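Each structure below is given as structure tokens.
Shared between the two complexes below is subunit A, which pairs with subunit B and subunit C, respectively.
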Partner chain A sequence: MKPLLFWIGLHVSLWAHPHFFIDTDVTIEKTHILYRWTFDALNSKLLLFEFDSDKNGVLDHEEASRFLKAHFYPLEANRYNIVLQSGENELLVKPSDVNVTVEKKRIIVAFVTQNALSKPSTLCTIDATLYIAYALRNVQSLYAYEVQKSDVDFCLGVMP
Partner chain B sequence: MPYHEFLGIIVAWQKTINDSIVQAFETLEAQPSLDIYATIVLSAFVYGLVHALGPGHGKMVIASYFLVHGSKMRDALKAAFLTSLVHTLSALSVTLVLYLFFEQTIMRHFTLINTYMYKLSGTLIIVIACLLWFEIRKIHREECPDTQPSSLLKIAFSVGIVPCPGVMSIVLLAMILGYYTLGIASAMSMSLGMGITMSLAAIASTRFKQTVARNRYETLFQVLSYAGVGLLLCLGIALVL
Partner chain C sequence: MKRFFFVLACTTALFAHPVSYTINLKVAYDDARQSVTVECESDSRNKCGLHDFRLVNAHGDVLTTASFPFMKESTSVSCPSKPAKMIFYLRQIPEHTYEIIFD
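On to the complex of A and B.
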């Protein structure tokens, strides 16, 4: 197993480096977790060029659907880059109420996962391919928590 | 410093430079001036320096290559700057084609093209590793075989063919806003920055091999050559998989 993990790690870290930078806000409630991903200014501009067909600076329903289909839902293959471990079990991360907005020329994707944390849990956001860097900007939690973060990924230890 | 921490610092710098380039373009749109032009081109140069410090961009391939083949600093510099130039020209061409013909799906194609280019690059690197292996077998009694210009071109092409997404983003931004010349100038400036960073890897490798050659550790010299080929092979296979 170890050689395999080493190979996978080597395989990715040899050339992978982030080109998307996402500032993340996390809100942990009793029954769910709310995520807010704010894309960096450069990529927001480039993505708006592609998806904001009428060039009005916002993404209407049809434009937002196209955007999510191209840049959010494909992340399902990697569990939306979220690892949520509660006690011994890894919880299923299934986004709902997915919403795309544009604020101050930056694209924001907000979504909810229906995960209730009843045991000490670890919530991490990381892109295994390192193409996207997730920086933790703000946490609001009903429970006590500890943060371990870098400019590429982060983990929260939550103690319900 | 742990690798993860180092990567974090580079990512933070890159993000800051990214943001400042976008801001500069916005200022340029509001109030065009030569100063802002210069700021963007200079920022692109720094971006190139920092961007190539992270993983990728062929530093390891070039370093492995110089463990095998030749040990002249001039060749190391040539290979690094040639690779950086091909890396940038590839990005410029791809961005131009995407901008002109695939406007509605441009960002989706960015990732797709990179994936296939990595595989092509990996295949070429494997071919080069095999050719080098035959070469070492043929000339293993000679000291420090000279690097042929054609072989420098081969390595630069194999590694550089993967378009740099960093260059693509900046050039695309410039094109979207209608600053075509500035986009190309920024790309060349980035290329220069990346070339300097990539040169460090190549120079370190040649210096190391020079030390070994000077001290006449012949066995180690040969082991290093084979290790370089092995590394190249592993890198090529990793890219193809």
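On to the complex of A and C.
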């Protein structure tokens, strides 16, 4: 009975919006930008229940692939919820070295985009539909920057 | 039991829908400078930067198109004549629009 109530509670909570809450760490280097998305504890638990088939608390290669296919790569349709404008131009955001780990029972997706910022730039992580709320946790940047946060998204103004 | 969870998950997915957020817009035309100033306020202010806008004359002709900048409260674009209205639309979902009539 308890698992049933847990699942019903979990699903009812998902009707509230946004669906996912992600703590974000951003590292801006000379040739690339590193992103680290840490899923909230509740959704991590739910997602591990779904994708950690052998229930060992980690996502092995196959499990991680299934997870990324379901919850990360579909974001390509919305440019991975990342807007990067350098000067007047919007730059292509193409994640590489995508890696999924589990730390302290929270799912972490880390990836790199090969974007070198040479002009004053704006880097936003923002979901237009509010399915995913992104909170900025930490920034490391070679360049000076300013931050504009809301409850569900954030932008960085970067001055190379 | 698994079937029950599956049905529950599917039902949840069917109920999923995006949340609305507020967008408040002000427009003004400066005859001397021949420019339009657009102000955008939102409870999620970065959302303003996800929008482009068209300035349209009374015949429906597009006078100019521009993006609203991120991290700014307002933007100005040159426009040779006073527009009749502004269509402010979400770039990724262009059907999602706000229309503001110029006074």
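Quick notes
Here, the second predicted complex is superposed on the first by the 144 of 160 C-alpha atoms of A that agree within 3 Å, B and C clash if a C-alpha of one lies under 4 Å from a C-alpha of the other, contacts with A are read in each partner's own complex, and residues count from 1 in each chain.
Here is the rule we use: a contact is a pair of C-beta atoms (placed from the backbone, for glycine too) under 8 Å apart; a residue touches a chain by one contact, two chains touch by 3 or more.
As the structure is a computational prediction, the values presented were derived from the model and not from experiment.
Once the two complexes are laid over each other on the shared chain, residue contacts for A:Asn78 go to subunit C alone; subunit B is not touched. In the overlay built on the shared chain, the residue A:Ala41 is in contact with subunit B alone; subunit C does not reach it. In the superposition on chain A, A:Tyr131 makes contact with both subunit B and subunit C. When both complexes are overlaid on chain A, the residue A:Lys94 reaches neither subunit B nor subunit C. In the superposition on chain A, contact of A:Lys119 is made with neither subunit B nor subunit C. Looking at the shared chain after the overlay, A:Ala70 reaches subunit B, while subunit C stays out of its contact range.
Contacts of A:Gln148 after superposition: subunit C is touched, whereas subunit B is not reached. Of the two partner chains placed by superposition, only subunit B is touched by A:Phe21; subunit C is not. Residue overlap on subunit A between the subunit B contacts of one complex and the subunit C contacts of the other covers 11, 14-15, 17-19, 130-131, 150-152.
Across the complex, subunit C meets subunit A through its residues 1, 5, 8-9, 11-12, 15-16, 18-19, 21, 43-47, 49-50, 69-71, 90, 92-93. The residues of subunit A lying in touch with subunit B in their complex are 10-11, 13-19, 21, 40-43, 45-47, 49-50, 53, 70-71, 130-131, 133, 135, 150-152. The touching residues of subunit A, counted against subunit C in their complex, run 4, 7-8, 11, 14-15, 17-19, 78, 83, 85, 122, 124, 126, 128-131, 146, 148, 150-155, 157.
Across the complex, subunit A is touched by residues 3-5, 7-12, 14-15, 18-19, 21-23, 51, 54-57, 60, 103-108, 111, 118, 165-166, 169-170, 172-173, 176, 235, 238-239, 241 of subunit B.
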